[in-house]
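What follows are several structures.
Each of the two complexes below includes chain A, the first together with chain B, the second together with chain C.
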Partner chain A sequence: MPTKNAGDLKLWQRRTQRESLFHWMLWLIGIAIFAYCWQQISASTTWFFVWDAPRIATDIWTRATPPRWEYIAQLGKPVWDTLNIATLGTIFALILAVPIAFLAARNTTPSRFIIRPIALLIIVSTRSINSLIWALLLIAIIGPGVFAGVIAIAIRSIGFCAKLLYEAIEEIDESQVEAIKATGASRWQVMAFGIVPQIMPAFAGIAVFRWDINIRESTVLGLVGAGGIGLQLSASLNVLAWPQVSLILLVILLAVVISEWVSAKVRGAII
Partner chain B sequence: MSDIALEIETRVGTRWKKPPFVQRPWLRWALIWGFVVYLIAAYMTIDVNWARVYEGLERGKQFVLAFTSPDFTSRSGDIYEGMLESIIMTVASSVVGIAISIPIALGAARNVAPLPVYLICRSIIAISRALQEIIVAILLVAIFGFGPLAGFLTLSFATIGFLSKLLAEDIESMDKVQAEAIKATGARWTQWINYGVQPQVMPRLIGLSMYRLDINFRESAILGLVGAGGIGATLNTAFDRYEYDTAAAILLIIIVIVMALEYLSGIIRARVQ
Partner chain C sequence: MLRLEKLVKTYKTGDQALKAVDLDIPEGQVLALIGPSGAGKSTLIRCINRLVEPTSGKVYLGDVELTGLSTGALRRERRRMGMIFQEYALVERLSVMENVLSGRLGYVGFWRSFLRRFPQSDVDEAFRLLDRVGLAHMADKRADELSGGQRQRVGICRALIQNPAVLLVDEPTASLDPKTSRQIMRLICELCKERGLAAIINIHDVALAQMFVQRVIGLRFGAVEFDGPPEGLTPDVLTTIYGEEDWEATIEAVDDDDDNDLEVAAL
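Take a look at the complex of A and B:
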């Protein structure tokens, strides 16, 4: 126990002198880095605009309220498109994620040194790039529209779903697999009767969870031209139609809240 | 006894079937049919211009090939500046976001905070989680002007919702006995938090912070699309000019940094737990 001598008293201390010195150094380095970052941000900021911000904010607020309610008639199709992008994207992603997850899980992969790293690389690279960037890329390749949005969401979701799924596969109860194997089942039968029933609840949970996230992401895909309600948002922003913007934001908020509620209910029912 | 005999009687000779995932038959069929109807409806309303898709495949091939020969050099100045700005935004917003979210997390834990504080903190979290980064960024760019400040504020705001919620859940599920023991020594409230609560949630806080740093970096890559600073603007320009080799270089850098961050956070989490 580290102590400090103060006269003839021994005082308890949390850390030894070396430890606390080390902590101070860490803090110092951290603060120095933060100060540098802040200085850089501050250098590339026009401070006049920042001091002016409260006026601009109230200005935008007065322009944006009340929302233009009659515009909602034109939002039906975009909302439906958004739903389709999220749902179809999730379905495609799951179809692709299942084989990748089986290839990536330690206990089911056919080859630990060649195929597993490839599967992990696919998982990491699809996960690290945001769906908006995928959408940008796909629009350049296959043209703007809902289809680009679906594919962007699908690619972005593969890594996420496959990662969670392969972790679920690695955590299965091996004795059940053993039992199926003992009956003389083939490799595919072991998979269908030994592994799949065990990961089914996790799979359903992952699917609904990702669908919920995808609803959020697909609402903004339209900003780069990939269909959905984001198209309306960017069109309204471009013509500075703030009452329409506020209505669209309300619709997006509502969609997010509903999808979160649905996903929480479904996951509650599964678990 | 006769019941079991009857059951055996009916089961002998019939083939075993895998039990279905959804137990109730009506729900199972409703789900399957609903799904099929939805798929048909969705397919009918999405108009895919297959000719355009076919045309684009050539460009897609070029992009994939660009990954084999990424061009780091010809736009190296822009890439360097954008990356540096992204990293700066990430670090600054993570620090500020974590610093703000700790008190909010304490306020949002029912076993630490009184009810009014709890409700206020929970509503802050709900607002921050419901609004998306890119939408917040659009509004903040409109208010504060172009530049990394808007991106920094956006990411800080998003960090609060994420970190406070998860940290508050961890505080709520902490071991009461340890906290009680500190209280029994006559500690003040601040001492109680510092010695009773903080050591219990510290490993999780560090893990979550690392994870959020990773997310913030990934998000900072897209904020440039709406003018909030970072590598996104460079990436967007590269796509618009069909400079796939430069775009591939940027994407590769992002992937490598994310992988490095994930590796680092794995090491740090293993150390603190």
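Take a look at the complex of A and C:
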């Protein structure tokens, strides 16, 4: 009890004596672990490279500036590929995510003990593996190129979209669904009139949000050979063509800024 | 018209919401169901169109017994029971017109309804109903732009466009101000009269119920405690339904309010 009686006064403290002792112990242990880790990390760091870092960084900076502007002519196609990977990947993901979300949501799943766990498993498993790793796997299966990138992005996005969508489905207002049921509507009509209008804003928000993330993810897919601007980036890095690298980074930055702007506009318009 | 026989509902938690309720509603009769919260009013209404599955007992709508129907047959019978809800239960993001037309879903195939290609006769009827409740100019507004009273009017249109034989009305005025409550109750009762509809109206405002209906059922702990005309609601009766309270004020207030209301209506 944090209150105790001292004569007529009732004293109140946030924690009892035991609690505050325990609290101090936790802090002590935390600080000890931090100090130990600090020591370990500095022991295994080659400090020469660290002290050298500013000089190397300036060196790369001088080599990378100014960017090689004329190289932009060769970047049009890869940027277009990147955009397509992100967009097509998002569309495929949404097509697959919608039914999975309906199967996973507690209030719409046809079977709570068999189908729902399967849907949840699909969501977790597709979400848990990074798109770069999916791309590596898919390149081995269907060969390098844009298509592998599209599929990698699509698979990675299914879980994300389905999870957010099924949470939206579980949060709908049931009375609206009840009202549609009471008119004698069929199962599919109840879905189209009672549920879909309620989750439309969430769906649109999820779609543009994921598209925005996928633009960023698809820029690196080329590093493993799955098409897009990452391919140019890894080629330039391999030959130490720093002015090209800096131009590519600028282009990626621009693409991401534009995609953020577009998704913010779309979300604003829908919600 | 509508007959309940020994209707029982026991929830999974063991709560007995309805204890063998018997009720017979003739054609065209408007009936108010009163009772304290938790008396089983909502459950009773929902057991009729099986939004809540009754545990046992029978419900007859005309000659059809509802509790034993298959899903498809139940859907066909639900078309004959219009329902009006406490919080309106309109689909907020659809337009007023779409909400009204959704009352026809039981009659229209999936693709036609999905593409919003309802038969012209349905659209005509929707406009007629909206005009009747004074909302013809609101047809293209989104449902969430409307005020409470307007939304409930749309809810009424949605129930009526089903061309029902009976109206199930669940606390139609609980979210409305006193004046709008009366207007809505009056509208429901007028429409029932025009169309010869039977109706069960759940309502917790005793005074409002007395004003508009021909018959009152008092429910307490899932059993019928009172069944009679509104004048029969004496302080003693209200005490058996709701428990001890000074009821004189409530009942007197009814008459006063009634006069005022008539004046308001005349204006």
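By definition in this document, the second predicted complex is superposed on the first by the 239 of 271 C-alpha atoms of A that agree within 3 Å, B and C clash if a C-alpha of one lies under 4 Å from a C-alpha of the other, contacts with A are read in each partner's own complex, and residues count from 1 in each chain.
Throughout what follows, contacts are C-beta pairs under 8 Å (C-beta built on N, C-alpha and C of every residue); 3 or more make two chains touch, one makes a residue touch a chain.
Small disclaimer: the values here were computed from a predicted structure and weren't measured.
Chemist: May I ask you to name which of chain B and chain C touches more residues of chain A?
Modeler: Partner touching more chain A residues in the overlay: B.
Chemist: Return first, second, both or neither, reflecting whether A:Leu137 touches chain B, chain C, both chains, or no partner chain.
Modeler: A:Leu137 sits against chain B, while chain C stays out of touch.
Chemist: Pick one for A:Thr219: touches chain B only (first), chain C only (second), both, or neither.
Modeler: first
Chemist: A:Met200 in the overlay: touching chain B, chain C, both, or neither? Say first, second, both or neither.
Modeler: both
Chemist: For A:Thr183, decide between first (touching chain B), second (touching chain C), both and neither.
Modeler: A:Thr183 sits against chain C, while chain B stays out of touch.
Chemist: With the two structures laid over each other on chain A, which partner does A:Ser128 touch: chain B (first), chain C (second), both, or neither?
Modeler: Touch partner of A:Ser128: chain B, not chain C.
Chemist: After overlaying the two complexes on chain A, where does the chain B footprint on chain A coincide with the chain C footprint?
Modeler: On chain A, the residues that contact chain B in one structure and chain C in the other are 193, 197, 200.
Chemist: Give every residue of chain A touching chain C within the complex, in rising order.
Modeler: Interface residues on the chain A side: 173, 175-176, 178-186, 188-189, 192-194, 197-198, 200-201.
Chemist: Of all residues in chain B, which touch chain A in the complex?
Modeler: Of all residues in chain B, those touching chain A are 18, 21, 38, 42, 45-49, 52-53, 56-57, 59-60, 63, 84-85, 88-89, 91-92, 95, 130-132, 134-135, 138-139, 142-145, 147-149, 152, 218-219, 221-222, 225-226, 229, 232, 235-236, 239-240, 242, 247, 251, 254-255, 258-259, 262.
Chemist: Mind listing the chain A positions that touch chain B in their complex?
Modeler: 30, 33-34, 36-38, 40-42, 44-46, 49-50, 53, 56-57, 60, 77, 80-81, 84, 87-88, 124-125, 127-130, 132-133, 136-137, 140-143, 145-147, 150, 193, 197, 200, 204, 216, 219-220, 223-224, 233, 237, 249, 252-253, 256-257
Chemist: For the complex, which residues does chain C have touching chain A?
Modeler: Residues of chain C touching chain A: 49, 51, 75-79, 81, 83, 85, 87, 89-94, 98, 102-107, 110, 113-114, 155, 158, 162, 168.
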